[in-house]
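By letter and in written order, the chains are A, B, C and D; residue numbering begins at 1 in each of them.
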Amino acid sequence: MVDTTLVRKAMSELAYQDQNPMELYYPEIAEITKVNQFTELEKWYEITLPNGRDLGHQPGQFVQVSLFGVGEAPISITSSPTKKSAFELCVRNVGMLTDKLHLLDVGSNLGIRGPFGKGFNIDAFRGKDVLIVGGGIGIVPLRSLINYIIDNRQEFGRLIICYGAKSPKELLFADELKLWESDPEIEYHVTVDNIIPEWKGHVGVITTLFPNIELDLENTIAAVVGPPIMYKFVLMALKTKQLPDENIYLSLERRMKCGVGKCGHCQINQSYVCQEGPVYHYPDIKNLPEAI
Amino acid sequence: MKQVNVFLCLTVTFQMKWLINHGKNSWGIHSMSKNLDIMVKHLTRVEGHGNIVVNMKDGVLEKAQLDIVEAPRYFEAMLKGRSFHEAAIITSRICGICSLGHQMTSLKATEDALGLEISTQTELLRKLLIHGATIQSNILHIYFLVAPDLLGAPSVFPLIPTHKDVILRALRMKRMANDIGDIVSGRAVHPITPVPGGFTQIPSVGELKEIRRQLVEDGIPDMMETVKTLASVAHMIPNFTRETEYISLKHPDEYALYDGDIFSSDTGPAPDSDYLKMTNEFVVTHSTSKHCKHSRSSYMVGALARWNNNYKQLCENALKAADSLGLKPNCNNPYMNTIAQAVEVQHCIENAISIIDTLLDRGLKDEKPNQEPTRYGKGVGSNEVPRGILYHEYEYDRKGNIIAANCIIPTGQNLGNIDDDMKKLVPEIVDRPKEEITLHLEMLVRAYDPCISCSVHFLDVTFVE
Amino acid sequence: MKSIHLAPENVSDLIRHLQTLGKVFAPHPKGDTSFSFETVSDPDSVVLDYNRTLQSIKKYFLPPRERLMSYSMETNQYEKEEISAEPRIFLGVHSYDMQAVLKLDFNFGQGNPELNYLKRRENCSFIGVSFTPDDYHFSQSVGIPVEDLKGFDLFFRKHESGYTVFVVTKKGEELLQDFSSLSDTGFESDISYEFSTQLSINYNRLPELFNHVWDSPVWEEVSRNCVGCGTCNLVCPTCYCFNVEDNVELSLKTGTRDRHWDGCMLNSFAAVAGGENFRESYAERQRHRIYRKFKYISDVTGEPWCVGCGRCIASCTAGISIVEIVNKLKDEYEQTRLIKSTNKQERASVESSM
Amino acid sequence: MAKPKVAFFDFTSCEGCQLNKLNLENHLLDVLEHIDIVEFREAMDDKADEYDIAFIEGSISTPQCVERIHDIRRRAKTLIALGSCASIGGINSMKNLQPIESVREAVYGKDKYLFPTLPAIPVSAIVKVDYEIYGCPMSIPEFLQVFKSLIMGKAPIKSDSPVCVECKLKENECLFERGMVCLGPITRSGCDAICPSFGQFCTGCRGLVPNADKNAMTDILMKHGLSTDEASKRLLMFNSYVSDEMVN
């Protein structure tokens, strides 16, 4: 640890100050303890911090995953905070870091910083019906919330899950999906975009699931996560259903380098996604022109 | 407008065909009954693959041709309309191996055409650069391209484990030479700072001192070792001679590289404005590039030509090196070009040191390049580049844009001479095994160091008997 | 206020004195017509009369390239970078650049205070100098006069006969302690500094203006000549965005994690791995840059986040001026408001006449 | 793990990039630690049937080039365009500015559709290129960066910011300040602004950044003293190959 007394002294001379300066950019070395290749593109990892320390995250938060020699990238946590001593990530191979991450197996090390950002405000969901709307890998952070609710089922009302993917092949967490589907306490709806002969379920974009769902408008809180293009349509559809904006939470993706509100990449108008997001209360951002 | 032969540096095409019409000399007797077909394919790097084809039937040499076919790159057309600021940038791209030489020659031509005077400091720095480029190119040729032949290896890579100290020495010498380029001109390949009228930026005193240190502490001892290494394999160099006209620059006060008059070993000096009379480009029907001649059917340019014309002006240690490597004045063995290159390296190292001393003694001055033309018209630049004498000629309009350009490249000037050497060589060695004949032919082409791609060990030999 | 008089020929003596107290940084000539802050090795080469330096002193607290750590890819262990907090004295700083440092202090000191920045900021003294505004300076329009003393320990006011050096802080007094005895003079600003370039709107009203101009056609108009080179970001003393990259050694066994300045005008600044770019057009980027200067952070701090140094204007090869943009936005906004209100009046009068 | 098989090929070019590889001197032996060079015409006779990584230098400028590059592509797992000629057409593409319609027809006959712009075109106009290393000559640090990435099995970082960025990071005095005109504002960085750092204007040898606005850049050049003709010539020095023409 760096002795911060000197710096604190310096800080007292600065025009602005609030707390002790921090070493913001140094990761903790964690270990991959389980791996599961979900699809061609998505791989699931269980990560254990040194001494099995609890990550202490909220559903919807992310960590900065770093691989030495490759770099760092923000990745959503997919496990529920109710799972202690290890956490889980599910990674789509879309970039340089994820490309390399996909080559790693059990026993490999990686660097972790975080958890960062704001997750879903669980208190707002408590006692309410919960509508989950997940598109594509949007289901990854939502799974953390879903499993939290399942683990604390009595604290919440209905649990309605709407999950959409491009094709059946791209549906993640297949084993859990079966559990959700068969769980009488979960209203599970799934759809795929493209018509595939062997797919017997619903076909169409995710909003086509909505007409069949009855909502208790005052008493339902929605959590929406998906690709940028999805938000416009989902929000429009929810508006049509007359769900109040105050009842909607959503998570936004932006480029991030630091995770601590410094590097500037994730900024949406005046809001830093890594600080005030990635999960936003919809009324807070609906007037930000750069948000959606 | 004149077709520019700039691609000669990269592409060599010549064909020869003649009848051996007598059988009375020493080789003729043996060759009377000889049938030989040699096809050396893929001489060059690209699809145009250069081929050495030797075809002898009943002792009569019917065909001896070296084709390297590559599309002309139209530099002459590219230069048309270009500003004098851009000419050297473009022409340095004619050849990455002799980019500095092209640049220097281009700058001299532009300065001649526009009446731009350069300072003594600029001239000294340019000479230093030319020394760096000459060391670099000669070392590359000696160690990477010729040494494998002399050591019986297919390339330099197998020599890394077996001759690691030699390879490391070669790399060190190359780095040292490139450092001169990097520091003085920004970059050894396609130099940056030399512009018409001077330099955009000059090195610092500290940087020059560092180059000097390298030249003294590494360059000189490494060169001594180089001479020893070469001396140990010099017996592998074929013994072949042919009376030849040698053309190079000649300067009254120094071993001419940057400056001087054109000088022919046959006819003596001529001003560089006479370069057309010295080169006399002519079209051979079977070749896309022109040949050159002067007082005979062909002439040679390059290190051996410079040695023969100017050896007296080399530094003492260079002459000693020549002596220990068996290089004598008026040497007519083209294979000895490689040895002449080594001798030049010795000279360039020592001369570079004294140029740096002069620069440091004078004190470096931050000078702006002189880019205010005093006239617009034609100008010629000539330079000794590693492979021989290089000419650029430009004509500028009143806006400082090029109207016409001409470049004559050393490799092109040597084509006829290679041709004539082969005429004499093939019959002399016709009795030997084909592999050996082929190797001798390859080594001959390589000795001229036409260009990395034209001379190296990628000659894929195919016999078509 | 305490002060000393310093004849021009004595400036070097003072610098030599300061060098006994810490490492001294000051403006030096660079290139043909430019200046840059450099470590002083020869006090006589320092230039106190300069228009602006190519980069502000930001480069000493947030280096253009900075190593964050070195690591081994075999053992997954890393070493932190040592950040030196040696005493440093910055001489010849203009008021706007000082203010820019204070603004960066906010950016790096609040939220998650960053040790790297703050450690470098520690043990620094600042000596200001007055300047003659040129065609690009407009600091007064953003509330920073030439003789703004905030942040300085000492301040040089230039006269015909040399400098009056004012003592601003206790630390400043200590810097002069063994150099010269102090006299007491007032600090009346009897010199007036004319700024030829000015915002046509009081900076206090800027956040309000920026409430209305998001959709202004001015953004497209001023971005027409923009090539997105990012220069305006990279010369700005209050821009602090950065990128982080891993670089490995040729052994492929060890490497470093480095950060370097980035800019929101650049292509991939807002692009995510999936390919989406959240600010695709130059106009959108320009708008973001200017909103960061006059709205986003200003809403929190109450100050413009532009210090009026004029670097972005002076160095824009396309001739785009932040002052012109703001003035145009204001004009355009006022005009549309006028049209709206006139329309309303007209309508009202039409209606009443019916 | 077996060392990757690496091959180097050259097409129409000045060979400067090949030379620059040999100019790695200080790193050359370290580089060779990681790879097996199976084909490198400049330095050896050997040939191989397939390559893990093929580096291509030079522009495509004849039908034989096309045939050969297809052949190399088939045999290469990863194909990399090395230097400006291979990656953007480079200085060779200046000849594309000449009227050569008839030449095209004559040279390529019915196959001329392969060459809508003329002989000198980048490798990517013919086959899929996995990565590009820009520069005339290619920059050694960038070559090493890509090389290391490939050996590590990760995608190399591709710079899409302009040379201005590197100049500003180095605190160079802007060449426009010195009365020069420079293509730095729209030229892809990665050279560490080597030319401006040595006081020479950027010639655009690394190609243009994505989204480059040539019209706006022409305006800038004209604002700083070039005529329309000079401005467009300067812009086209290394960038005469226009990719949108290839679409047709």
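Assume contacts are C-beta pairs under 8 Å (C-beta built on N, C-alpha and C of every residue); 3 or more make two chains touch, one makes a residue touch a chain.
Everything numeric in this text was worked out from a predicted model, so none of it was measured.
The most central chain, judged by C-alpha centres against the centre of all protein C-alpha atoms, is D. Note: centroid distance chain B to chain C, computed from Cα atoms, is 54 Å. Distance between chain A and chain C, defined via averaged C-alpha coordinates, is recorded as 37 Å. A straight line joining the Cα centres of chain A and chain B is 65 Å long.
With centres defined as mean CA coordinates, chain D is found 27 Å away from chain B. The multi-chain contact residues of chain A, meaning those touching 2 or more other chains, are 69-70, 95-96. For chain D, the set of residues touching two or more other chains reads 152, 157.
You'll find the chains touch as A-C, A-D, B-D, C-D. Of all residues in chain A, only 2, 4, 6-7, 9-11, 14-26, 29, 66, 68-73, 94-96, 98, 109, 111, 227-228, 253-255, 257-258, 260-265, 267-270, 275, 289-290 touch chain C in the complex they form. Those residues of chain A that touch chain D in the complex are listed here as 69-70, 95-96, 99-100, 103.
The part of chain C that touches chain D in the complex is made up of residues 30-34, 36, 54-55, 59, 64-65, 224-231, 234-235, 245, 247-248, 250-252, 260-261, 263, 266-268, 282, 315, 317-319. Contacts from chain C toward chain A in the complex involve residues 68-69, 71-73, 76-78, 80, 85, 102, 105-116, 118-119, 121-123, 151, 214, 240-246, 248, 252, 255, 257, 259, 262, 264, 268-276, 278-279, 288, 291-292, 295-297, 299-300.
Of all residues in chain D, those touching chain C in their complex are 27, 30-31, 34, 144-145, 148, 151-152, 157, 160-162, 164-165, 168-174, 176-178, 184-186, 209-213, 216-217, 219-220, 223-224.
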